[in-house]
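Look for chain A in each of the two complexes below; its partner is chain B in the first and chain C in the second.
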Partner chain A sequence: MNDGFIWLDVSLAIGLLIVALYTLLTSDLFQAAVLFLVFGLLMAIGWCRLQAVDVAIAEAAIGAGLTGALLFNTLATTRTYAGSSSTKDDAGLQIFSFLGLGFVLFTVIGFTLMATAIMPVATSALPSGITIGDTQAESGVSNRVTAVLLNYRAYDTLLEVAVMLTAVWAAMPLRRLVVSVQPQPIGPMHGTFLRLILPTVVLVAAYILWTGSKTPGGAFQAAALLSAAGVLLIVSGVLPPSIARKRWRIVLVFGTMLFAIVAVEGLLVGRQFLQYRQGVAGASILLIETALTLSIATTLIFLFSYTSPKEIEDDAVDSFSPTDATALTEPTS
Partner chain B sequence: MSLVDLISGASLLLGCVFFLAGTIGLLRFPDVYSRLHALTKADNLGLALIVFGLALQADSWWEVAKLVMIWILVMLASTTCCHMVARAAIRAGITPRSQFDE
Partner chain C sequence: MTPAVIYSLAGAALFSLGLGGLFFCRHFFQKILAMNFAGSGGFLVVVAFSRRQSELPPDPVPQALVLTGIVVAVSATAVMLTLYRRLVTSREPTTAPERPKG
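Right after this comes the complex of A and B.
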């Protein structure tokens, strides 16, 4: 890391802090959303500087890309662009923001001190001093990050996808939220663009999924790409926002289910929980990653469609607006 | 530092300036259309300068081809998105602000 880029690292760190401060203190919510995207982009560059390219791709795609789409959806649905109370007047929010910033600073400085001065950086967490390189060949993949995520610490990843499932469950009540929006017929320019870009996106997503075993990539990154394609389809009106229908919910749980089945299958035949069969570890990982890609992409598309301004659905029993009566639309049937 | 490094560094720096200008424009311009104007400048010329600067440092022609491909795809995407946003804004009734107003 200390290869002469010290000024880049310092300015990156300072830039991150400044953008974070600006995001918290601005009273224009549109500005705050845009600055959050900028923050995500700077974080992605930071991850690259830390040589964590997998995380950088995921951060850029999900943190800066899809989160931005979700934030702007929320702004559009609630129709609140400027903060109703300026943060200058809201003392509680100011105190909370500075406390949060202080906590982050404390953590960063504390860990830096710990790593450099007091404690040497641990080279292995295993008691007998085995490193990942020793057992790499058995793990089934040659990308160390994927090996850790889906073999050595597969339990963490299993819980992680369960958390994503919980998030989409928590967002499900939003599907009844109806805010009237004008329908946008798709024009010739969008049609051509979609026909050009969607096959490319699917191809690149499949490539990233496949190459996750050798180079930076994997399930989350591929899923982020596919969800971007889904968001594009919803935004250009090809897919209605009510695409998040019941029949697709099985895809949401498919990845977690498959992961759990593979995890438990070891127990049934005498191995341990989440221990892959000898020799087919690579294939098991690829299978799990493919299922996870489909599930996570569907999860992100569902999250986007739940927060999108939607038209009246015929089966919307109760439609209400969160802000004012002018957005309230009566069901036609 | 060879001449190639200098040129690529200057090109990267200039590209970053474009991106900075685009972001500031996004935050500070008064209406949708001027913001779109600022954004697409960053995407087209800013990214072109950055790609040029990186291409000078590339190891093989394949890398240059990939970088140019990225630039073309981003231009496609940003152009279409700019068109979509502008069309939605026109349909929503947002008229461009003019300096001759009020």
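Right after this comes the complex of A and C.
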């Protein structure tokens, strides 16, 4: 793609580095969070320039959008907005650190230059020489990235959704118990906005999921959209922040379980692990993607709710003892 | 000087920046952001490698791996933020301790 837009790439690369540097050096955490959001959106443009449109959609929705929401929510919860600037006091440490950083930079950039300039270009080929292009028709989808994600490297995706489950399990004990939260009344403009935008979001998410087999899109991008709808509901006070109710946990694991069942089902019938049945690969992929969309959206909403600010007061925590457990209850479903 | 080379260099620099920020930023919130920058830098390098030859269509395997990586990075960030929140509400210090003088 050596068109005349090389100036865009250079300025985008420089802009990315400047925004990152600013984020790490600022002493205002709110500014850092906003700059991180900006960084994510610039990265999305960069992905488009590298012709990685699936990655661009995911970065904009999850990397910038949802992470930004998590950051702002955490800042609102902790109410600490003042960061601290880097060490000003120890000159020796600073010199050593810059030398060390320079060395790392030199090594990484040197390796990158070597890899791009000298090493031969390899295409994604199996040892037998089969490339993705040869078997594209069999994989069931025509979007090559979806084919890789859910067919050629489906094992990575299976482990990835398991990792997301693990993240929820890790964050779950750290959440705060909620005293009864009064649902806030919603004003007319706010209510109209919600009524207009939420069905649109669901529709667009369903479309992105469906079209992921032909054009850029897929399960993760659709899940990011659905989670954005969930975040909107939580922030509006419609859904209580402690959304991690027991019934929703079924949706949480449903996607991973279905994926695992489909993966193992082949073994029982005589195929390999994660090998789809001949001819229904496309349908299997769509089924798995639908379940994954619901699960991943729920996972992201759970993770967001664990950073929610509508929790009990800090003083109540200090006086909390196990015998007071009856005072703090899980919200009734 | 194709886009691939530019973005892989930028990714390398971003990774180093994130690594440096992880060590030298005092506040834990900014350490978390620095880890994300390092991750994004790595992703840039990987996806830039998928476009090394502009004549060929982009290589989908690195793009799928980076897609996975973005989602995993968000999950890790969410867990880190929950831990950070617990730090603050338990009134533990949120900055790295001062290096002792001498």
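Going forward, the second predicted complex is superposed on the first by the 269 of 333 C-alpha atoms of A that agree within 3 Å, B and C clash if a C-alpha of one lies under 4 Å from a C-alpha of the other, contacts with A are read in each partner's own complex, and residues count from 1 in each chain.
Going forward, contacts are C-beta pairs under 8 Å (C-beta built on N, C-alpha and C of every residue); 3 or more make two chains touch, one makes a residue touch a chain.
The structure presented is a predicted model; accordingly, all values stated were derived computationally and were not measured.
Colleague: Just checking: does A:F259 make contact with chain B only, chain C only, both, or neither of them? Give me first, second, both or neither.
Modeller: Touch status of A:F259: no partner.
Colleague: After lining up the shared chain so the two structures overlap, which partner does A:L70 touch, if you call chain B first and chain C second: first, second, both or neither?
Modeller: A:L70: touches chain C, not chain B.
Colleague: Quick one: is A:L196 in contact with chain B, with chain C, with both, or with neither? Answer first, second, both or neither.
Modeller: So A:L196 only meets chain B here.
Colleague: Tell me which partner touches more residues of chain A in the superposed arrangement, chain B or chain C.
Modeller: Ranking chain B and chain C by residues of chain A touched puts C first.
Colleague: With both complexes superposed on chain A, which partner does A:A167 reach: first (chain B), second (chain C), both or neither?
Modeller: After superposition on chain A, A:A167 lies in contact with chain C alone.
Colleague: In the superposed arrangement, which partner chain does A:Y276 touch: chain B (first), chain C (second), both, or neither?
Modeller: neither
Colleague: Quick check for you: in the superposed arrangement, does A:V235 touch first (chain B), second (chain C), both or neither?
Modeller: Once the two structures are laid over each other on A, A:V235 reaches chain B alone.
Colleague: Where on chain A do the contacts from chain B and from chain C line up?
Modeller: none
Colleague: For chain A, which residues are in contact with chain B within the complex?
Modeller: 31, 34-35, 38, 182, 184, 187, 189-190, 193, 196-197, 200, 235-236
Colleague: Across the complex, what residues on chain A touch chain C?
Modeller: On the chain A side, the touching residues are 1-2, 6, 9-10, 13-14, 16-17, 20-21, 23-24, 29, 32, 36, 39, 43, 46-47, 49-52, 54-55, 58-59, 62-63, 66-67, 70-71, 74-75, 77-80, 83-87, 89-90, 93, 97, 101, 104-105, 108-109, 111-113, 115-117, 121, 123-124, 132, 144-145, 147-149, 152-153, 156-157, 160, 163-164, 166-167, 170-171, 174-176, 220, 296, 299-300, 303-304, 306-307, 314, 317.
Colleague: Looking at the complex, which residues from chain B come into contact with chain A?
Modeller: Residues 23, 26-27, 73, 76-77, 80, 83-84, 87-88, 91-92.
Colleague: Flag every residue of chain C that touches chain A in the complex, lowest number first.
Modeller: Checking each residue of chain C against chain A gives 1-21, 23-27, 29-30, 33-34, 36-37, 40, 43-45, 47-54, 56-61, 63-68, 70-79, 81-86, 88-91, 94-95, 98-99, 101.
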